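Here the structure is laid out as structure tokens; the discussion comes afterwards.
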Amino acid sequence: GSESNNGTAANNESDQNDEKEVLIMATSADFPPFESYDTDGNFEGFDIEIAKVIAEELGYELEIEDMSFDGLIGALQSGRVDFVMAGMSATEERRQNVDFSKEYHRSGEMFIYQPDESINGLEELEGKTVGVQLGTIQEEGADVLSEEYGFEVKKVDDASVLIQELMSNRIDVAYMDKTVATGYINSQGLEGFDDPTTSSPGMGIAFPKGSELVEQVNEILTALEKDGTIDELEEEWLSEYE
Amino acid sequence: MIKTTELTKVFGENTVLKNISTTIKPGEVVAVIGPSGSGKSTFLRCLNLLEEPSAGDIEIDGKVITTPKVNKLEVRKNIGMVFQHFHLFPHMTVLDNVTYAPIKVKKFSKEAAEEMGKELLAKVGLSDKVEAYPNRLSGGQKQRVAIARALAMDPEVMLFDEPTSALDPEMVKEVLDVMKDLAQTGMTMVVVTHEMNFAKEVADRILFLDNGVLMEEGEPSTFFAKPKTQRAKDFLDKVL
Amino acid sequence: MIKTTELTKVFGENTVLKNISTTIKPGEVVAVIGPSGSGKSTFLRCLNLLEEPSAGDIEIDGKVITTPKVNKLEVRKNIGMVFQHFHLFPHMTVLDNVTYAPIKVKKFSKEAAEEMGKELLAKVGLSDKVEAYPNRLSGGQKQRVAIARALAMDPEVMLFDEPTSALDPEMVKEVLDVMKDLAQTGMTMVVVTHEMNFAKEVADRILFLDNGVLMEEGEPSTFFAKPKTQRAKDFLDKVL
Amino acid sequence: MNLDFSQIVPYIPFILKGIGATLQFVSVSIIIGLFLGIILALFKIMKKPILRWFADAYTSIFRGTPLILQLWIIYFAVPQLSGYDISAFLSAVLAFGLNSAAYVSEIIRAGILAVDKGQTEAAEALGVPYKSMMANIILPQAIKNILPALMNEFITLTKESALVATIGYLDLMRRAQIVGADLYRNFEPLLIAGVIYWVMVFVLTKIGRMLERRLRKSD
Amino acid sequence: MNLDFSQIVPYIPFILKGIGATLQFVSVSIIIGLFLGIILALFKIMKKPILRWFADAYTSIFRGTPLILQLWIIYFAVPQLSGYDISAFLSAVLAFGLNSAAYVSEIIRAGILAVDKGQTEAAEALGVPYKSMMANIILPQAIKNILPALMNEFITLTKESALVATIGYLDLMRRAQIVGADLYRNFEPLLIAGVIYWVMVFVLTKIGRMLERRLRKSD
């Protein structure tokens, strides 16, 4: 938890000096439009912009570390970073082990399929095979929906694999985060429809358990909601994925 | 009968055998002698095609074996070979060493092969080592196993490449004795050797090689008493 | 002076050397002979502590070397050894083989070592092979390099373990000649050998081992003419 | 670092199921890799330039490119190109077996070259055909010396097997990761997987040592 | 299967930057692994039981547990336990070097055992100290025979390096993944990474062959 001692914001009040304090954020920059690299190798995306604003409000210099998703959890658990923004969904199970900020975005889910199919609603999924990404909230959601609508669930490792499974006709439909789904629809010429039942929790910022930053960040998020900054950023980064 | 005609072997730029023509009659024991590097091993190895001759012919029982379409394995079945360093198969017992080729190549049943193997091992005086691994044997014992292994294929000719020169002196006799017995059974034998006494006593004919050339051949008695060439004289001076 | 007292060596359950006591005087040339497996090599290897004696003492120039606190490397610096199979370092040139130990162990400068190395190689007749790799040499040449390598450490004693038995007969002489020269310079030498002629001619004394026991020792003339024990008689019958 | 294993307990059966998956998949891959590796090694030492060239190219490609790419090509490209719906298990053992064969072939090539040439000559002089000579004379001696390197390769294979998770084959490692992602605690499941891997490798090593001892019984 | 490389072009410089990162990290890891591996191999053949035991335990642990676990312990646990803020690069080369040492030590152990015992005896008889003997006489001969197995290990290391992405070190593979995610197209960047890996491994193999030839010049 909070007894980390490697120069992160949570504990470097003790060694004040004239430099600006650093706030370390970890992310997995393979999740556009929330976080990714531009072609010059700089971070960009919706989460990145929010993080910059938060750091500025708190008076810190923001430092971003990119790592794969497994690494993010390790970084949180060991307290090596101050917080993680990576489109993380705040489930109850996870709350046992990390602290989440209040929700700052909710994008919903989508079912997508190859253009030579035509599926226009949950009812038409009966008898189909639906792929989901392991360890995501869509996985949990799909398990519930499959009972009701009679489809089969196939679980795979990550979004890129899900798309390849679709291309190889091993699954009929992929069930995924709406923003990501829209990206694939645009880039690979797929089709899809929104999940009307979506009840998944929205995205939150994750902190090591017991972090003092949670309160401060929640206050800032509330303020950003009020003054329209978040709406602006959503418009800038996410509108083409709606 | 083995007949070589102008047999020549070239390694790279090095002509190691130069136009060797000779005939070895059935039942004959021929000793090949000469200085180190003179081509004795190469000559022997050409006879069973372990080395491919560069020019010239080898005929065995009237059949030319130096044509491209000859089946080497067929040729070798009838020619046993014993090496200076034994080359027993270290991961097999003595008996397995002897029976392996008959079973694999001649399609003997395991029982038949083992019976024959034990008989041969008895002949070379190793009945008690049947189940031992080669690494447990003395040099003399190893070489006797190697001879039994070659004999197990029931060859018409046996080639020996310095069979005793890796042995301790007290073991030389036990191997030479086995070879003498073999000679007496009428086996055709070609023996590269440094054992001049063996050559004198047992061989029917001596081939003296020097620098790839067959310098002299003849009966041991005349060859050792009065060699015709200076080279042979020099050589005999050194080793006798 | 080397003095062994009740020297005993046990391998597992096998007592290979049994209470060997003898003294080798400075400048003496001692030939150790005996059947295979009698313990000749083990005896020799005990003298430079390549094998650790199980009981008994070895004294060299009055210093007991069989105490636990002796520095083996120091002992070995003064004792050269030549092996049956040469054991040259295959990845080094002939000259590097000879100069390696003087440079590493005696801290010679490279120049000094190379000068000495070339001199020694000239003495054994190999001036033209200085830059060659061992694999390019004949057996006789290899063994002469091995002798030069041992001499480069300027030892007081030289041990030879069958230095000629891996050689072709015409090469035996070139190595024995080098050894004879060495004996004439007054080097103390212990030579395990099967070359009875060399033992007769060069050795000052013969040690005859059988089954780990020092059965006989004496001057070559008396030993070869009338051995005292039956074992020695049997052995000489086989190898002479 | 505060570790807490209590939350993991309910997931342990889920993780343990990965052992069977991993073992099954690894053992088939090892067999394919060993078999193909031997054949490739033989190609490499043959006099036919075409076979040598083929084996070298094979090794270069399969050692030279990431395993995950090979896995993807087999699992995703094969059905798209040929229409044959290759299963995850089959793709996985194919990819791992073909990949391992490249490594194994290099190890075996070295092992064969280290066997005394006299062995080949003795077999040839007896008229033993090439195949039997290799199978009964040369390879058994080669394998004795290279067993440690082969064990390394098999252990690497066991541990790389986590990659197959990307195509939806749930091995031990992937199961540990899933539990980690579920709970947002991944040190603990990883430590459990670590212990299980250690036991598997330990057993593999013991088998290797036993084999080594058996092969050395003739020494 | 419709591949489209045109969109990748602007990202190519970003991917290529990963080459330097991977090379730097791999070369330092190889050196650490080789150095430690030699020391461990020496421990394994020594007469001191305590050193042998240590080396065996080391090998068992580092070969037996997943590399990612070792990497995480070094990167995440070290700062918490010692207070030293270890960098991603240092953690990565340590984890990979320590891990590789376990494999290398087994390879080298086999190589040393295969050197003719006469070499040791000849050196001992000359009074050469143990260290010099190993460094100048035994290891150069051992390495000649085990070079193919060592090359295997180095190549494996090069390709496993993708793991370091979990601690935020941007190697070649991770960059390819990122580009794939960015473009919503994964095969193309992976193929490009595949080609780059192939070139790197090709160069590594050539260096190995050159070395092998130099070591064999005395044959």
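Every chain is named by a letter (A, B, C, D and E) in the order it is written, and numbering of its residues begins at 1.
Following the convention adopted for this analysis, a contact is a pair of C-beta atoms (placed from the backbone, for glycine too) under 8 Å apart; a residue touches a chain by one contact, two chains touch by 3 or more.
Nothing here was measured: the structure is a model prediction, and the numbers come from that model.
Asks: For subunit B and subunit E, what is the smallest step count along a path of chains that touch one another?
Replies: The least step count works out to 2.
Asks: Computing the C-alpha centre of each chain, which chain sits at the greatest distance from subunit C?
Replies: A
Asks: Hey, which chain ends up farthest from subunit E, C-alpha centres compared?
Replies: Relative to subunit E, the chain with the farthest C-alpha centre is B.
Asks: Counting C-beta pairs in contact, which chain pair ranks first?
Replies: Top of the contact-pair ranking: D-E.
Asks: Measuring centre to centre with CA averages, how many angstrom lie between subunit D and subunit E?
Replies: Those two chain centres are 18 Å apart.
Asks: CA centre of subunit C versus CA centre of subunit E: separation in Å?
Replies: 45
Asks: What is the distance, in whole Å, between the centres of subunit A and subunit B, each centre taken as the mean of its C-alpha atoms?
Replies: 80
Asks: Distance between subunit B and subunit C based on Cα centroids, please, to the nearest Å.
Replies: That gives a centre separation of 34 Å.
Asks: Please output the residue numbers of subunit B that touch at least 2 other chains, ranges allowed.
Replies: none
Asks: Using the touch rule from the top of the page, what residues of subunit D touch 2 or more other chains?
Replies: 1, 72, 76, 80, 187
Asks: Among the residues of subunit A, which are close enough to touch at least two other chains?
Replies: Those would be 70, 74, 77-78, 164, 167.
Asks: According to the definition already given, which pairs of chains are in contact?
Replies: Pairs flagged as touching, ordered by label: A-D, A-E, B-C, B-D, C-E, D-E.
Asks: Across the complex, what residues on subunit D touch subunit B?
Replies: Residues 116, 118-119, 121-122, 124-129, 132, 136-137, 140-141, 144, 215, 217-219 of subunit D touch subunit B in their complex.
Asks: Considering the complex alone, what residue numbers of subunit E touch subunit D?
Replies: Residues 1, 60-61, 63-69, 72, 76-77, 80-81, 103, 106-107, 109-110, 114, 145-149, 151-153, 155-156, 159-160, 162, 173, 187, 190-191, 193-195, 197-202, 205 of subunit E touch subunit D in their complex.
Asks: Report the residues of subunit E in contact with subunit A in the complex, numbered from low to high.
Replies: Per the stated touch rule, the residues are 1, 10-11, 13-14, 17, 68, 72, 75-77, 79-80, 83, 85, 165-168, 170, 174, 177-187.
Asks: Please output the residues of subunit B touching subunit C within their complex, sorted ascending.
Replies: 35-37, 138-139, 165-166, 168-171, 173, 194, 235, 238-239
Asks: Please name which positions on subunit B make contact with subunit D in the complex.
Replies: So the residues of subunit B in touch with subunit D come to 48, 50, 72-74, 76-77, 79-81, 83, 85, 87-92, 100-101, 104-105, 133-135, 149-150, 153.
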